[in-house]
């Protein structure tokens, strides 16, 4: 998290201010967060990058499908709301998962159950519910959890 | 001189502060003040014979208002009356109101009044005169309302104040006008421009305003009715203010301005007519009354009418007559009032149909009353006789309509005689009823004053020379006329004597034939609905009704109608100004930016958003549409090079939406009120307003703009102010003060929000 | 060269955005509209921003652009989730062509708490 | 020449307000700070007045940016007089508030906001920049909004909404006018505007701009037909608040009108006529309203409206003497109207009502206090030689001398008469009349108060009464002052020179 | 509102936005931005946090009531305006330190003034928002 | 075709078309949630327009505005969804 | 473009007033906000509008030269916006109080005639 902030800040302020950026981030975090678990972010950079590419690919692919449906006169959709049991446990994991699912066209998180066991996903092309669940489980969620854990 | 005037004010303050010491026995000591002033003015008598004395103190020189006092015959006569009768009234009151809770206040008002009255007659500056004039009105208000738990007392004091105060404003206008025309407020100086004033186009207006003041104060028809009402005041007050002094202020004023403004046909005719009507009307009324003070009040009005009438005749004889009559009337009328007061005080009634035979129990009072009545009747050897003689002479020798005028005078005098007898003689004549057996002679503080006054009347009547050279001649001089002849008791057999005889005979006859009766009063009351008083009261009610209608109509509690009125007003003014004053033109081709597709898009969206905001029936949609308008404006700001603005507008719009949202969810749906008429009307109004603003904007755009200031900022933002974002440099440096104030606004808003949300005041607290 | 790249990025982004816009107009129910718009717009704008980054070719501007994209990617789905959830509360109906609604009946209307029991597996609408 | 002294009366209020916020909820400390602070500001204002009187013009270029580029603060005799008056009224109301305002309101920020309001007033008086004036007006508006609604009772809110709406409308008009002014001249400095506006050929447009200013300030000064907010709201807040409103708020609108219409716009014939017509209707409307209102403070509200007519009318006549009259009246009015509402506050404390039908017997119960109040009332009426009388001489004089202004004179006579009548009637009803028997149950909150507390309520009234007596009896001083101010207003060249620092030859 | 996703997102957005707001504040003299917008962004960050995490938690997070920032900010602005007065200059005259500070650039009274603005804006916006949303968030 | 012309004649009109379409949805509704997402999308496209405009004018300053838009639009949406939930609760 | 802006300004003023004339207090507030926007746009327009050249001194330059947008209207509008934000938030809270008092925002329910207090 700190890294992101730091990158952004230095980028904007043009270089010679590592110290300042760090101090500022530190102060802000001290002011703000109580439950920020310190983790070693740096070791994960390669995993993150590969994940980003995977995700971009998924996103583009799905986008085309939706685009096609949108601009052609007929709808091929079979929309529905699916209950998806998550493996993700922590808030951060859930959030990431949910956001990524939402960012993928055709799927949209509507809500997370209070006990954090399932998410409800609105799916545009719901031909087979189980297949859909499997696809997410094996692809997106697995890769994501790999990074985060 | 100034100390003579101010002593009264000072004394009033002292009385107010140390009131409790005055209430008891020492009350009579207050008499010392008027007494010493009387002595002072008496001492001035010789000096005034030759020429007026002038006193001047600086006060408000930059407005041309100074404490200029002038003691001439006229003012001296009044000063002596004021202080002399004042002395007696002060003494009288010390017993009359003995032990009254508010005796101290009474003396306070009374000395205030005396001082004001002195100031009034001594002023040689119209504004100064006006100052004192108003003070007499206001002290009179307090004195009439002295018995303030009596509703009638309050009502009548208000009435008196309304009439005299209203007249006061007219007088002020007149004085201001006079001052403007004459180039200053000094009365002496005005004398020299008398001819110019009389020839001025506004002379008529000057008279109008001046008469407005004088007639109301001196109770001329149709403004007379406050005076009988003023009799609600304690009797010493009636005697002092409402017969001898204050009401004569109007006459004084007219007399004072006779040399300046008199002699013009407008002047004479108006005064004659007003005086004549007043005389007859009130004399007639006087004889219908059964209440002692009522009778005296109306006969006072008649006397005032006579004075005005005489001033209207305007000849030297008339002036002399007026001068004498002022004195005559003051002496006898004050005496009669004081007598009436004694009767009231001792018997508890003022009804002349009941009061009888009291000479048997209070002979000195009876003597005073009788002497005064005789003087008022104008019996030979009384001062009144001389006065009446002079009047008849004046009317007979009047420039025009002499016989008619004389007839009026005679008729009035007959009636006044009757009235005087009713008040001064009838209560003491005849058999003493059982009920009054226990009545006894009061303290000498009560009966000596009227007796002195009445005796004086006799004295002057027998030896007119006493009054003549020292008092009357200087007055006549002050009025700008040459006294025709010294006062005499006996002029030989002539028309005047005949008239006097007729007057007396008719009066006596009337006295013996016509008994006072409540029937007369009732007869008059039948015409009450036509009386000026009723008319005034009615029109006041009408005024009040109109005010109610007007005020509630305009200020109906409905915010929308306020906005309506304001906007219509703005629109009409702007439209008028634009149409008449501005040459409307616009050259579309020059210096405008081309319209691009994104401009059009933004514009189109704004239009639709505005439309939605206006037309939607859902609050939240309205808010959302409004925010669209805001966001589009942001985009415009970006396109037209205002990134800072865009940022700020965007954040603030979002925050506003948040605020709305936090409040709105509680509210029910919009009211659906689709009154087409209202909508059409509002659309037209607001549409016109918008069009006008647009036109103005268009026109202003045509004008070349001076960019000197912004060039300065552009050139110096970095070099001098060390910043590159010129807008921000302006905000924190060039125009940093604005920002300082702006955050202050926010702070206040935040405090306001906080307290508005948190503070709940219980309604029991009185703040 | 970079002009070409910018043009391509712009065009792609622009088309994506346009598609999203068409989508929001054409889609038959709210969830579908939400679905097509949020990410399409995010992707499209991301591409446009990338074009800007290329254009200015300045590290400070590139990071700025990255930051914006990051923000968009972070916030857009959350926003979609929030509004989607809210719309379900307010009873926005699914399109008649929808095949499944497992959310139905899971919300507690009073407390807004959401259950997770797998109770309506067969009830496709 | 630049002189930081000018902004001391501004900064002092700001500093006091900030300090008071630091002592949030500490009621007693706030009272002391506020009173001492007001005293300090009064001292500073006196100093400023003396300095200005001696030198004629003081200027301060904020940020050391030479006019017209920075924001200039100018103290001429007019503005320093206004600051002085605000200081006096402020101190009086402040003392009054320390007992007259309940501790709840003080806990929720009464005093800081009160000082913010005074800050706004002083700023508006002293600024020489038209946009800065707008900003100061906003300070005044927002703090008056807050004070108006502080406590949140229903009548307060009802009045508050009308007050807020119409005053915001006024702000919009003001801002619109500023926009146009900038569009025409590219400048915001009033002295600079004075020069630049004179050069504009399109006089019609200049007059339209002037009209917009008139409309903006007219709403704030409550002239007909823009006055509605005033009688809707002034009777709702606690008396101390109403006092500062009644004394100063409308007057700052008049001040701005005077400034703008002497410095930037010279009224053309239409504007003059319009001002006089508006003044006439204002006088009458206020008078009609005052006649029928039975609630004391409502009546006072209408009297405020009514008397604004004198001021606007004087401006419409636009002669030096008329302006002197306006200034004189302004001085008198600020002192007396403030006091009027303070007096009503004491009466409310005593009787718990403002309804004249329910009031009564004060003369019998509180004779000395009644006498004190009488001074206030009759000063308002202008019974000579009390303060309200003298300015009328100027105004009547000029009204008569101005062609076609007779209707204004008639209205002034009617207004004077109605004022006299309603005050006398009120006196008869509230002081003379016995208290209605059914009202006897309402407790008197005044008599049981500690002697000290009572004194705190009375002292400000006495102070202001003495001030109005001074105005009346030493009218020479005020007349000299008014005439000097009027002369300054008529001849703006020295003002412009003082601000811009260069010799100006005005066409 | 009870949403895990929002809560998590807002927890991460908060520091981000705060940092951004400081950034906007400091660069205002050279680029768009300044104390005002900076302050608004900071308050928006906290408001977002309050939406997600209940108002109570946001308040706890802040430790001090936001209103406390108001007098502080006002005082800072006022003092930075007054500083030149003590140096014999007109009120609000800009005084600059001669040497530029690495990141920020030149430091002078206008910067302190802007910082004062920043604090005041945070203080008032949060005061308004928190009080209006009390008992409903 | 230069970059500027391309942006001006092709890209911007398309984005404008997109905004207009979204605006159509905004005005049509039918439900408030539709408006909210339309609003959100409009702002997002606004970011795009600003970006293109900043390229056209070579003013990177405008990207700052884009950033603020991106950051804060979110709050609006959250607020609206909050409103909807609360309204329902009532 | 100026013409469009002028039309826009006219419309903003007109609708602002129109909304102020409605019975709902929410509409009243919206009207005031629209009026404020109108006034701001007016300042903006009358200061002269310029495309694509914000008043920011470029890298390596010392003065703003050539064609640039006038900074004065911008700073004025900025101040005006901020101030109206303060006023608006106060007014919105007032709306909340009104709701507590009368359970609606209908201005017709706020016409209690001459309350005696």
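A few notes on this one:
To keep things simple, chains are lettered A, B, C, D, E, F and G as they appear, and every chain counts its residues starting from 1.
In this text, a contact is a pair of C-beta atoms (placed from the backbone, for glycine too) under 8 Å apart; a residue touches a chain by one contact, two chains touch by 3 or more.
Remember, predicted model here, so these are calculated numbers, not experimental data.
Taking the CA centroid of chain B as reference, the farthest chain centroid is that of A.
When the C-beta contacts at D-G and at A-E are tallied, the pair with the greater total is D-G. Central chain (C-alpha centroid nearest the global protein C-alpha centroid): D.
In whole angstrom, the spacing between the mean C-alpha positions of chain F and chain G is 21. In whole angstrom, the spacing between the mean C-alpha positions of chain B and chain F is 70. Mean C-alpha position of chain B lies 26 Å from that of chain D. Spacing of chain C relative to chain E, judged by their CA centroids, is 31 angstrom. Shown for chain E are the residues that touch two or more other chains, namely 1-3, 5-6, 9, 12-13, 16, 20, 30-33, 36-37, 41, 44, 47, 67, 70, 74, 78, 91-92, 94, 124, 128, 132, 136. Counting only residues that touch two or more partner chains, chain C has 15, 22, 34, 38, 42, 64, 67, 71, 74-76, 78, 80-82, 85, 112-113. Multi-chain contact residues of chain F (touching two or more other chains) are listed as 15, 19, 32, 36, 53, 61-62, 64-65, 67-68, 71-75, 78-82, 85-87. The full set of touching chain pairs reads A-C, A-E, B-D, B-E, B-F, B-G, C-E, C-F, D-E, D-G, E-F, E-G, F-G. On the chain G side of its complex with chain F, the touching residues are 51-54, 56.
Chain E contributes residues 30-32, 36, 124, 128, 132 to its touches with chain G in the complex.
Within the complex, the chain C residues that touch chain E are 71, 74-75, 78, 81-82, 85, 112-113. Of all the residues in chain G, the ones that touch chain B in their complex are 1-24, 26-28, 30, 33-34, 37-38, 40-42, 44-58, 61-65, 68-72, 74-75, 77-79, 81-83, 85-90, 92-97, 99, 103-108, 110-113. Those residues of chain C that touch chain A in the complex are listed here as 15-16, 19, 22-23, 26-29, 31-32, 34-36, 38-40, 42-43, 59-60, 62-64, 66-67, 70, 73-74, 76-78, 80-81, 84-85, 88, 94-95, 97-104, 106, 113-116, 118, 124.
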